[in-house]
């Protein structure tokens, strides 16, 4: 166990990072093991509150697939699949919204409050935060949508007043219809609209691996212009493709740095922000 | 149909009421038929948005019993009753919160947005809005609570910036435990904390009736000091008692006027605020 | 007589117009029958106060010819005419200013206050609001001037704080000399300087008529580019020409919509702003 | 003629007075010779503008008897007198208001603007500045009133933004009726409502004289408690009595210092404020 | 060396302290070994900048005896002593001020800037920060003074805007004479005037020791009411007496907690503020 | 001695200048006889305070060569010269900073406070006001530097809040090293960074003389484009060259007018600003 003096030294060591990120906006996509594992969950809450108290403006966007699946099962609902993707019909959408907004979102809000931050949960309907539309060419998936416009005024005002906004990825169409939107995509859209300094996607992998079998082969830094090549040669594949695409969109929208990090490491957000070592893979301009 | 000139005359006739209520805060408890009937629902949304645009600051607190019951049924959950009151155990509480926050609240937000207002949905967890505690002597009801403290800062700031806050009656305990709170009670507590000028409870009765069989026997104005007598002699009885008690608490907490009105009448809120006739029963100081 | 519910319905019907004009600036040139007829006068005051309370920023510019003529007669003053236009010499100017500023302006201020608005009367001298100069080529008319510069700071600040500015069309020259300015022209100049959303000229005609004998032949919408043709073919003629020119100048100065409406219709301003039917003739960009 | 260096020395000599009065509010009752004599008039305008530029907040209240009399004569109006005081009936009131607001007030505004200040003329109707009522026991004088309430918000806001408010002593009754009010009395009421630091009444006498025949017998300082004695023994008599009473009321209303000074001395306001010598008679607390 | 994860854990461990002191004002008396030893000096600068970046408002008051002595020696100046205390005559005062303000103060400012904070150095003359007077009964010491009044406006405004004020203990008399003031006393006076939450005196001892020979006998907490007894029985003695008296004065002036800590321990300020262990002796109300 | 009325007339005569310079920023380089002669010194302090009270924002930059030389002599320090210029090694720099910041600067601050202004002394280290670097090609002079960047935020904020900033010409390098900078150059750099309306260099000559032997041959106005010719023909020579170059740099940096005036004339700053005569030589754009 470190001595008090070693502890003080470590705080001082963090000072350059605190200065660097003071007043900066950071959007965190929260999901995966970091949400399901209790210890990891608590570490994320601590990281968010710490960031707010050292002068940063964290904004959380969360997913919640497992909870949705569980509720759909409990309700014994039929589910239709198209090419392996679940179709979101009106009754499914109702469950998705209810679980994400009424359960997952509020659990995160309570978790942050417990550590001492002041969180405010929002869905894309509040203040018309996330104007949505169907994804062109994927209409058969039903009420799965994408972000058409982000009304950042409400989020910006909350963040400026010291609240931590927690956003459920539910969009609202012109007809006030709810849309189910991918949380990574929402994080990217919100980060771009806020002109955030950093976007962090918490995942269950160590980052982008040159050799998927070798966790030490992590690529720590990619330029946007290199992404296509990596996809073509198969290094970026499967579920990683949409994540990297979110990063690319965010960077092209004005976000300075985007990160795909390993949410299974406790305090991974803090490690990303406040230490030199860094973790995961960073996608940047260029 | 009135001519354009008659329409203009009616707008002008509303002017004294608009002046009187300009800048005033009004808390509306929304529930009952006004929530379940589509036409009434839409009329309430219009009333709220109109109030906001003529300079008032409406705040909505809503219930949602029927939706909760439906979901509990769909989930085939067991329910235990104590003296006729449903016990809210942890798994019931989860459903209550999910339905109120994730479904009912968001439907109201979307409804207001549809008319053109900017609504923001909140539960008592957001910004620690509603600090709650168990109701003394009713511990056997489980997670049914009452309001211990209202953190109005967030609601006041949203209302001041032109948003319409929509509050789900979920409280948060010191242990971050969720509590199910009676929506009338939340409306009264929020109205007192905001030092609101008016609180309106939308019900499914015409008001307090001297003769319950005679809808024309409505008592249009009660002083707080008269309430006990009315209860004793049975004129205020049954489900009306807690409603009147909410009014009394709100008045004693500093709210100028409290109203129990008939939500089955279209635009009943508007009729209460903007016309001389008034409707329902008003409970005032004295 | 409409029932309370019909009244509520009419208020709700006005909501889209209220939303549309919320926070917008509207300059009203007030004169003619709407000023001399007591019922019409009171209806105008009501319209102005209502607009302010539903979030608009009305600004009034007024004329006052009849009152001036009456006072000149009472004083038995000589009047010289040039091509039918009265010459404004120094002693006439003194009477013009005294009547417009000391009588007509204050009667309007008192009228607005009576309805419950807070009006502040201004002449072009106050805060150097209307810097004026002689009209080139019309020097023989004496102290008849035109607006050279509008110092909107004072008017804008008053309107922003909820006051209704009421402006007498007296200008001030570099030598502090008073100038008599056409009120329509002042309305246009103030509307342009304020970048108003709407300018309304109250007249004693139904608008621009395709056939002057036929009140139903009203042209409800003209583009600026069509005006010359209309003048050439005689449809716009006589006293209507300068009114339309004021509209054209205002539109070219940045005002979105300008209207020539019939002040003899009670609540004509309200009808123009808050109902679909509209009245009079609108001159717009294009 | 003083050399440049002597001039600089005199500016520096004024510094202690400038510091003392920086940010202070001063109400000046303007009338008498200082208004009718062109040189004196211009000196007053310069004094007012200078005060504003060295950080003070001057507020002007003016009379205008001679101009009113002249206009009443020109109009050949009948006048009735009661105990030597002119009765102000409705038609007289119209002339009084027209001349004070439309002529005298605007001439002062133009005069201040000419020197480079930004003046805004107000009557008691603007922003309901001067709420008035009949003087009890003097109802036979007609529309002669006294101040019942001063709405200082408008005046305070204008003064704070660097404008010089110029107030015509016209009051407004509950029925929107105009009232003719004594300008000294208005100055005192405005000074008290503004909690002014100083009120100055410009008169045509050197101050209060112990021996009316001897201009050198001026009493330079009176305490409020001494005033009754001075009236009893006849030293304060005639037209000086109401002036001293205005000072007493202002002092009792919270004004620190009130002065009756000789407006026939050029720059008398400046001499009062910016030099040690002082002029006239000062009425203070005690 | 701790792993990145241990480092993150230590940051998180600091969170409760960061929350507790967020927005709080802390006055640090800086002197002794912490000023003369380069490593300790740098650690103090880091502590100050870290505190500012985690939301605190640190204010520094410094001494500088050794530098003054060195300069007096270099200048070969005569020094007179009264009862062992150096007499501060005019020429000594000149050197004291020159060294404290022109050398010591600026070195601290530069040191803070080097770490990345924004410091502003002030003497008691700037903005008349420290109004001083001779110490009654110690006139024979010459220009040694005590604080009569603190003008906190300048310091409060700088701290609020994120600057770190660094104050040299030079006071200014009514005659603009400079006074040499004890830095501990200045720290106490500034802390009281700022209603600081904490005052920390950096010394070269471990705190107040029950047995001066035994460093482990430190008294970690004293109530103000216990101080006299401790002095009487000799536990507080010698140079510790004035230090404790400064703490007592500060506490009586409204400072919540005052601390006498060991400046020879690196990062002692940080250890005091951010860890449970605490160090030194705390003097509190009671 | 002028009479009170003549004094008032002189104040009024200053009004046009006060209006012209109201709210304007003026940077004064203070040095030479105006600093060493007690009467001149006091006159400068009065001029500065007067300017602040009539609405200007004066900023002082001072030199202090004689005091530095005296202290170097007292300390018996060795001095090395290169081409007649003293080399500023580390130990000399220490004395320069100590004397300028700790003695000269504070004497000016106290002098301004004595007259009633609120001065705040700053060195280039405070708030990193003056970022400095060595002068290219003059490295052999040691720590003599030039301004690389001015952080005006602190100075601008102080001036806006009514303080008079007094700046010692000490710069700070990237390595936190102190640099000795020419005060005229600092005045020019600060004036440009503040976009000042005027810069005044107080010197011991009457301005630029066409014939150095003839004080009446003063050139009262030069355009920047004429400076090279004047230098070539020898009219601007010796110590006047760097002064004129400072003016040129300031003008090119955006300062409207720059003046080289005779500080030996009492109240010369006031004479420059507040009278028509003007004094010294003005360098302007063109």
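Residue numbering begins at 1 within each chain, and the chains themselves are lettered A, B, C, D, E and F in the order written.
Here, a contact is a pair of C-beta atoms (placed from the backbone, for glycine too) under 8 Å apart; a residue touches a chain by one contact, two chains touch by 3 or more.
Predicted model, so just to flag it, every value in this text is computed and none were measured.
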Least hop count linking chain A to chain F through chains in contact: 2
Partner chains that chain B and chain C have in common: none
Per Cα centroids, the chain farthest from chain E: C
Per Cα centroids, the chain farthest from chain D: A
Candidate from A-B, E-F or D-F with the same interface as B-C, over half of contact pairs in common: D-F
CA centroid of chain B to CA centroid of chain D, Å: 56
Chain B-chain F separation of Cα centroids, rounded to whole Å: 69
Multi-chain contact sites of chain C, meaning residues that touch two or more partners: none
Circular arrangement of chains, read from chain B onward through chain C: B, C, D, F, E, A
Chain B-touching residues of chain C, taken from the complex the two chains share: 2, 4-16, 18-19, 22, 43, 46-47, 49-50, 53-55, 115-116, 265-267, 270-271, 274-275, 277
Parts of chain F lying in touch with chain E, wherever the complex brings them together: 74-75, 94, 97-103, 105-106, 109-111, 113-114, 118-123, 125-128, 154, 157, 161, 163, 170, 172, 176, 178
